[in-house]
Amino acid sequence: MGVTSVAYNPKKPIVATASDDTTWKLWTVPNGDLIMSGEGHLDWIGGLAFNPRGDLLATCSGDGNVKIWDFVNASCAYTFSEHG
Amino acid sequence: MGVTSVAYNPKKPIVATASDDTTWKLWTVPNGDLIMSGEGHLDWIGGLAFNPRGDLLATCSGDGNVKIWDFVNASCAYTFSEHG
Amino acid sequence: MGVTSVAYNPKKPIVATASDDTTWKLWTVPNGDLIMSGEGHLDWIGGLAFNPRGDLLATCSGDGNVKIWDFVNASCAYTFSEHG
Amino acid sequence: MGVTSVAYNPKKPIVATASDDTTWKLWTVPNGDLIMSGEGHLDWIGGLAFNPRGDLLATCSGDGNVKIWDFVNASCAYTFSEHG
């Protein structure tokens, strides 16, 4: 399925990508090692953004949720579900 | 409904998210406290952007309007309605 | 018609917005004075980006063209038409 | 076909644009010289992002792949195909 968004980490040679397959992935550049695959959204991921320090990623989805991901623990740190 | 856009505040640990439910929301990261829910657009919100200082947010919508939001007063500071 | 994209100028209190009405507009923030209305694209504008100095804007459109806009002369400086 | 995304290089007067025609292009600003045409994706390109140094570009596509492009060698440095 289509990969809809891509963002560079502001501090490290890492890319995050979001897909209609409901996952996002974190890769090293340019060698392409997979660091993390973010699973938990139930629908397409519409956007993603790193914080300025580059240690957190926010994703938003067609499932109505926003998730904050923590790379140190390789897990979802918080799910915002208060949108409509 | 789907959450279509997400942006990190350039200065503070805050995220703004925009939804097809016509609202945008401002949250703290990572604890997820809701700071402000922006209501006033009449259709989907297509994009959002913080100013470089991080004290204003611009949103644009399917309703043909652009709004500038002021966090200090927790209100819409201006509505641009001159697009087509 | 829907306003699909918004970008803050990186240097000045100015916002650019793009619409399905084929135009983009440049506004002051927060007072909302219209500085420039960019006309010339023949279809929806899909994206816009300021250069880091904030004196040029690039727009891309469903008409297959990319345009570079010059604020000093309030005109289109160049039209790239080599896409597909 | 429609040009869907545009990004400014953070370091040089160069713009990258992505199209539904499956290609992306790298241009000089404002004179419009074509530096590179990125061919290899098999479907629409949904997003593009420069790294902070401005020497690599990431693109993502409806074909399910993400590609990292190297301007020095004017070639695709890596294709990530692990989505979906």
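Should a chain be cited, it is by its letter among A, B, C and D, assigned in written order, with residues numbered from 1 in that chain.
Note that a residue touches a chain if its C-beta (ideal position, glycine included) is under 8 Å from a C-beta of that chain, and two chains touch if they have at least 3 such contacts.
Here the structure is a predicted model, which means the values were calculated and not measured.
At the interface between chain C and chain D, two copies of one sequence, fewer than half of the residue numbers in use appear on both sides, so the contact is built from largely different positions. Separation between the centroids of chain A and chain C, computed from CA atoms only, is 28 Å.
Distance between chain centres (mean CA atoms), chain A to chain B: 20 Å. Under the stated contact rule, the graph of chain-to-chain touches is a ring, a single cycle where every chain has exactly two partners. Under the contact rule defined at the top, the touching pairs of chains are A-B, A-D, B-C, C-D. Of all residues in chain D, only 1-8, 10, 13, 15, 17, 19-23, 25, 27, 29-32, 34, 37 touch chain C in the complex they form.
The touching residues of chain B, when paired with chain C in their complex, are 43-44, 46-52, 56, 58-66, 68, 70, 77-80, 82-84.
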